[in-house]
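Note that the chains are named A, B and C in the order they appear, and that numbering of residues resets to 1 at the start of each chain.
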Amino acid sequence: MSKNYENKLLSLGISLPDAPAPAANYVPYVVVGDMVYISGQISGDANGRINGKLGENFSVEQGQLAAKSCGINLIAQLKAACDGDLDRLVQVVKLGGFVNCTADFTDHPKVINGASDLMVEVFGEAGKHARAAVGSSSLPLGVAVEIEGVFQIR
Amino acid sequence: MSKNYENKLLSLGISLPDAPAPAANYVPYVVVGDMVYISGQISGDANGRINGKLGENFSVEQGQLAAKSCGINLIAQLKAACDGDLDRLVQVVKLGGFVNCTADFTDHPKVINGASDLMVEVFGEAGKHARAAVGSSSLPLGVAVEIEGVFQIR
Amino acid sequence: MSKNYENKLLSLGISLPDAPAPAANYVPYVVVGDMVYISGQISGDANGRINGKLGENFSVEQGQLAAKSCGINLIAQLKAACDGDLDRLVQVVKLGGFVNCTADFTDHPKVINGASDLMVEVFGEAGKHARAAVGSSSLPLGVAVEIEGVFQIR
């Protein structure tokens, strides 16, 4: 009775990248019991990093796509943490979203929705998570969005 | 042998709001085993959002009241996660506080104390938590403070 | 069959400070089951706080030393949480690093490596952690770096 999240990803036209390597001396995820802590994933895809500053040179719509790319990278790491079997996911527990933005930007929730919507599209009820969305004066390598996550698996 | 945190809230003159709905496509909390992860609660009360930027147009005292409102909203969500029985709380584990502030602001700890003091006033020893307090260049909808939390319940 | 992390610290020339007291009304760590949540540790050592803003008046190398001091303070708190026996550490699970920096700063990963490298030098495989590194418009008391952490102990 597979939930077959991989088929869901296919139907959404999403292909997972190889789980991105961390930008520094740490690991992409740590599994403790049935919990997976995934390192902050920066916005980017096969075409490279997605850089920008919301409120300055980057629209909310662009920010949502950047956040979606972070979500895809989180799912790629989750799959690796599950030894390739995404159906071991029990619950997306918590996302922490950081938006590279100006001092007067206010649409952080809309931006991080790019990742939150993805989790619900792919995982349904199991994709509904707690979340924080905040602004950062700057982010690593100039990326527009960074998102970390906590997941429960079986 | 109820701890009767509800009476404590009453004695402090605090009435819990309905657990605020999230500002976007996610859920206010996720329960995993005996842990509750609560989404970032933004500053605001029955009179509306509490907006401001510390170091610019908002005093530390105003910031403390904003942080207290986040704390009240966290307790409202906690109560919902406990099916209405706050006495199921075992421990406030961790608060993550984000202060909307200027680049030269330095009083983040004093601001977030508005929430930390509340937790200890209401829950006593069970309210003593680990904490991080940092500055954000901006926060959702222009609020002054956002605080997320992790709680242990029975 | 002690792992003897204390000897490792000695061999690295690192002496742990007394576990720093929190800057406000909360506790330095909370233990829940086998997990330890440690409050955000700010950069500083026996000579006082390490203040600065990356991208303005503080080099990446200075930032790395600041991050290392946060790491040392985290280890001091961890030791206290383990009743003095660091060998009870099972795994450094997650570090959350905040860099006090300008809007155009991009080297957050290099800065937080100051703490990540320390964890791996001291704890080896058990020191490899998930991580997020982001920018903050400002940090408590003007410090250059703040790092919080989650650890698994036995």
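Rule of thumb we're sticking to: a residue touches a chain if its C-beta (ideal position, glycine included) is under 8 Å from a C-beta of that chain, and two chains touch if they have at least 3 such contacts.
On a predicted model such as this, the values are computed, not experimentally measured, just so you know.
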Chain copies touching (chain A, chain C) - same or different residues, decided at half shared: different
If chain B and chain C share one sequence, what is the angle of the rotation that overlays their CA atoms, in steps of 5 degrees? 120
Quick one: report the Å distance separating chain A from chain C, using the average Cα coordinate of each chain. 25
Would you please write down the residue numbers of chain B that are in contact with two or more other chains? 96, 102-103, 136-137
Using the touch rule from the top, collect the residues of chain C that touch chain B in their complex. 22-30, 32, 37-40, 53, 96, 98, 100, 102-103, 136-142, 146, 148
Which positions of chain B touch chain C when the two form their complex? 35, 55, 91-96, 101-110, 112-113, 116-117, 120, 128-137, 150, 152
